[in-house]
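In structure tokens below, several structures.
Two complexes, one shared chain (chain A), two partners (chain B, chain C).
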Partner chain A sequence: MFSILSTIWRVFLHMFSRRVTVQYPEQKPYLAPRYRGRIILSRDAEGGERCVACYLCAVACPVDCIALQAAEDAAGRRYPEFFRINFSRCIFCGYCEDACPTYAIQLTPDFEMGEFHRQNLVYEKQDLLIDGEGKYPGYNFWKVAGVAIGGKAKGEAAREAPPTDVNSLMP
Partner chain B sequence: MTSPFPFASIFGILFAALIIAGGLPWVERRVLALFQDRYGPNRVGPFGVLQTLADAIKMFAKEDWVPPFADRAVFVIAPAVLMVTVLLSFAIIPAAPGIIVDDLNIGVLFFLGMSSLGVYSIVLAGWSSDNKYALLGAMRGAAQMLSYEVFMGLSIMGTVLLAGSFDLVKIVEAQRGLWFVVPQFAGFMLFLIAGLAETRRIPFDLPEAESELIAGYHAEYSGMKFGLFFVGEYLGITLISSIITTLFLGGWLGPWLPPVVWFLIKTSASIAFFILLRAALPRPRFDQLMALGWKLMLPLALINLLATGAAVLAWSF
Partner chain C sequence: MATVYIDGKPYAVDAHQNLLDQCLSLGFNLPYFCWHPALGSVGACRQCAVKQFKDEHDTRGKIVMACITQASDGARISIDDPEAVKFRAGVIEGLMLNHPHDCPVCDEGGECHLQDMTVMTGHDYRRYRFEKRTFRNQDLGPFVNHEMNRCIQCYRCVRFYRNYAGGRDLNALSIHQTVYFGRNQDGVLENEFSGNLVEVCPTGVFTDKTLKRHYTRKWDLMYAPSICVHCATGCNVSAGERYGTLRRIVNRFHHEVNGYFLCDRGRYGYEFVNSDKRVREARLNGNAITAEAAREHLREAVERGRAIGIGSPRASLESNFALRTLAGPGHFFSGIADRDQRLVALILDILRRGPCRVPTLHEIELCDAVVVLGEDVTNTAPRIALSVRQAVRQRSFEMAEKLKIPLWLDDGVRDAGQDQRSPLFVATIASTHLDEIASGVFRGVPDEIARFGFAVAHAIDSAAPSSGDFPAARGIADALKGAKRPLVVSGASCGSEAVIQAAANIAQACGAALYFIVPECNTLGCAMVAGGSLDAAFRLAAEGNVDTAIVLENDLYRRAPAPDVDAFIGNVPHLIVLDSLLTRTAERAELLVPAGTFAESAGTFVSGEGRAQRFFEVFPPDGVRESWRTLGMGRWSTLDEVLADLPAELPGLARARDAAPSAKFRIAGAKIAREAHRSSGRTAMLANINVSEPKTPVDPDSPLSFSMEGAEKKPPGALIPFFWSAGWNSIQATNTYQREVGGPLNGGDPGVRLIESSAKEKSYFAGVFEEFPAEGGEWLIVPIHHIFGSDELSLSAQAVAELVPAPYVAVGRESFAQNTMVRVEIAGQMFLLPVRIRSELGARVAALPAGIPPLAGLPLPQRGTIEEVK
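Up next, the complex of A and B:
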């Protein structure tokens, strides 16, 4: 009996407490920088694509929403010929970002991607690629990877030593 | 004695009751949201007032479907019975001196009779639906409303004893000195609980218990037939609130403001309290409901009636 009355009284007091609703379209919620929203593909500081089409994101994806095809340009850089994310399947788990060895694929604090047609949720490479570096400025995979590409031989980049000539290693 | 302007009163009260009942869903959702730290519907029109209108349009546009296995005639009549009985009960409510449809000298009994007839709507709706959930809901509704009606009538008798009349106008007039909620506090509480059960509101919404019986007796109803049950429920709340106002809160009596305004203020406060109860209390089990009604409320109502009778007898000497 007393608990019923106290319940009624305490619910009544809630009339004077602050409302928790965020009036969404007028009032946007604060999203943390690491919020897992819309997926983008970033570029390095020189403007080249970071993605090396290693397929790790596609493998890591639990719902198989990433599709891509690897290719190699004249300079010997690997890049995705197409890169397609089906956002009607994506669960925004961020595994692709974790798997990516070159910081190319990143999740951003943007979730406002509603569409009236399901097909519009399939994002192609031109929809995903951004011009900036995203969360990891200054990083360039090809400058630290020790791989030879056009215009840069092995050992010419930062923190790299020229390869040892095994034939000169005489005792 | 009837009102000096019978037709104005009839249409005025009918109009007011339907407008209030129509606006109540919005009011209830907003007030519930207030108690639950939310906003409720606030998009359609200013503060969402037109939400009810939008819902009504939606309801009219819905397919008015009668299941092929239902007993068609009864199925169609059942929602109308609810509306008719509740709306007829409004005839005896004095909103202000002169604003009453028919000043019956057995007004209280008329109200009790009409609310008893309302049970038919539930039972017939559940029965004609030919659906086990609807039937279970109807059976629950019948049992609940019959058991709670017993002490509902007994809880009012205290007021009737004090006022010395079944006439609602005379009952209001008898409260000039002191509202009956003070000398009849037990009767007031009992009537509140019984009224809650009569309107089948949370916490006593067992006939339609959503989590157990889907929607209970109106599970098979759609479109405007469901709308009638819906509006009927809100009309029922308005009715019980205005009866509480009349019997216990002094009706239209009050200083400074015109009588109708006082009546509306008291009725709205009562409705708001009903909504608060909905926000606060969980639904009991059905056997708990029955035990509460027969083992606690009925004896209390009898004791209250006995004590009031003794007091009235002692005072009259």
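Up next, the complex of A and C:
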């Protein structure tokens, strides 16, 4: 009897406490940039695709919902020929972002992805690729990598000496 | 056996080996780079450092390199000693100073020995902040990609390429910091084994250029144990698939056959599986029909009667057997032309009768005197040439042993041996790549080679018939008599029975091992299924006795002259062809049924050694089936059922069943996974088609699963889809599958040898020779073989096709000038060809490249005429 009354009393007291329920969707909550929502693929400052199709996000994914195929342009730059995420399987763990060596794949604070048909949750590269750098401005993998691509020859990456002259016998 | 104390615990080791080898054999994770089980030790990289102590009271010890320290009895070493650990981490850090930030775009990544060793030593943070050295890359041709920045100067590449494989155009160039591994200038790597650089190089300097076109990481490929289909050697390979196309071939270690290395035809020939010449759907008179309708059509054709089956030396044992069962034993033909079939029958007969033993490739490497009779081994069975190259090193091993230099100490053995080689004699039509290490060569047309061979046999044993006077024969005879393990290598490629007989005589006379090279991956198997020759089928059809001919995976235009094949097809009202590629024969078929390639089917091949070896489906076929399934017409539902029916019909092939465990085999109740446990993309690969993942297909023919789920323990040799161990992601993981590093696989090496003879008596061939030169204006036209071009299937492989020579006719010096256009008339056909000078060819002897279209199908040697086109 006493416990019932005390419970009613406590419920009654709650009427005067501050409301935490947010009136979503009229009211949008603040989500930090590092919130793990819809995944995007970003571009570097020069507008090039950041993803180098290394497959690391795919292998890190615990539900195996990322599939891609690497391709290479004539000048040697790698990019994904296709890049697919099956969001109906994605658990938004962010491992792909952790694994990505180029900051290409990023999770965003957008979680409004509801669909009536699961099939619509399969995103292809054109659905994922955005025009900006996302959360990590300034990084361009190709500027620190040793492979030559169009516009960056051997020895032109950061902290690289000019290519050696194989015929030189100078000590 | 000796006892070595490792970190205080005693272990039994092989005292003839080095410490690194023994530590790895015992399962210790000791990092290394420059040492390779097949290449030995040089102590160049300093990565395998351990602490060695004088005795149990010594607490200071000294750092030694495990790979150049003998595992002597009582030795005390420590792998975990803090100083040794620090030393190894320091070496890695040093190697990484200049290493580029490439892993994400490096094709080695995920199977990189450098990554593995870096992780193993715990070097996980780059402190170096200064400039890195860079190099320019070279274009090394269609097989191998070059990215020199990644080099750690371990010298493995040049040690393999130059010392092991005899290549000359790759070298260590420049000096100190800037040592460069490449060619003098850009250009196709000349050596036939260049593809092994991909596996030998512990970093991403050399990677597979064909894989790069459709790049996939090691962990994402679906693999099956397979057998190379590009010659009769029977090298074991691992084939990897992704998204429905075959992506690459890597070596699958087999101690007795291919060891650690493949030839480039075998590594890169796989691309034919992805070729646009593939037959993917059934066609009736050129119109696509369903598989059901095709089967119905086939059944009607057989029921109509007077159907014959034409088998194939490139189809599996099971498919040939299924065709023989369908058509009836009396109506089965091997699909090999009469003269070739006679050669193979003769070879089989010699091997079965004995007394000569057929050596494995490993045994070939141990032979200390070799005679090659009539075969350009490098171009007809390339991997065997690599073994012969090791055989000539036997003399230097003997010299090293006398000087008490351990055989694994590579530089020491090479210095002691200098240029000393065991005797190798090469008797061939034209010059070969083995000539450069031969102690003597003989050039002649096949009959001259045969005479020469008979003379050698006679010089060894006067009971063997003589054939004339050859001064060189004496020397060869003495060398063979003086050898402990002599070897004769011959084969069918020069089209001469007399050459084969001569080889048998020599081998019998000196008790040598005898290896015959036959043309295709299942030539011996097909011959053992026992059918009439192709010519017999042609005759039957000409008599009007054939209503339907069912041709199994065979392009008849590569077996017989085109006019004969045209006539045959004209004589057969209904031509049914099962094939994987749209060949000239397939184009003429009334009913064309797609056949699975080795990658889409399971079956057995019998290699030149007589070893029956199983290959398995790499990926579930999409519409294409094994020919034995199609031809079985529902008689068999699994491979095991076919193999169970085989012994009753063909007792000689009964043991083929034991080539691999049956489909019921399980490890602790589990199947063996074709995919790595970290294979990715399972829920996304096909999501564009349907978001619900399809059910994993079941493979009724093997204990392998089409998924990442499988037993945790390592499978037996015949069922190893790929090599991987925790901490060992690169191909170096092979070490962990062997009984002892470099030795046989755990549980024995796969395959069963079907031909073993116990006979003791010698029986010499008498030898019948054809006279040459012919009268009039005739030429004798002989075959020349090409590693890239003479094999049918690899002709349709993109990278290999780039290196296939254009058709030509080779003549000696004094007839025509280089590049003259000539008209060659042979076997009722006429060809316009440019002349290439091969000065070894005698007067009125010409040579045509075997198997290169449109010259395929010509019965060589053959007489013909050659005239300059005005």
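Operating definition for what follows: the second predicted complex is superposed on the first by the 154 of 171 C-alpha atoms of A that agree within 3 Å, B and C clash if a C-alpha of one lies under 4 Å from a C-alpha of the other, contacts with A are read in each partner's own complex, and residues count from 1 in each chain.
The rule is simple: contacts are C-beta pairs under 8 Å (C-beta built on N, C-alpha and C of every residue); 3 or more make two chains touch, one makes a residue touch a chain.
All of these numbers come straight from a predicted model, not from anything done at the bench.
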Query: Can A:L129 be said to touch chain B (first), chain C (second), both, or neither?
result: neither
Task: Mind working out whether A:T164 is in touch with chain B, chain C, both or neither, as first, second, both or neither?
output: second
Field: chain B versus chain C as contact partner of A:C93, first or second or both or neither
entry: neither
Query: Which holds for A:E72: it touches chain B only (first), chain C only (second), both, or neither?
result: second
Statement: Max touched-residue count on chain A (chain B vs chain C) belongs to chain C
Query: Now for A:V147: first (chain B), second (chain C), both, or neither, which partner does it touch?
result: second
- line: So the chain A residues that chain B and chain C both touch are none
Query: Once bound in the complex, which stretches of chain B touch chain A?
result: 33-39, 276-277, 279-281
- line: Note: in the complex, chain C contacts chain A through residues 100-105, 109-110, 129-137, 147, 149-150, 173-178, 180, 182, 212, 214-217, 219-220, 243, 678-685, 687-688, 690-692
- line: Listed in rising order, chain A residues that touch chain C in their complex are 52-56, 58-59, 61, 63-70, 72, 78, 84-86, 88-89, 101-102, 118-119, 121-122, 124, 141, 144-148, 154-155, 157, 159-169, 171
- request: Would you pull the chain A residues touching chain B in the complex into a rising list?
  value: 4, 7-8, 10-12, 14-15, 17-21, 23
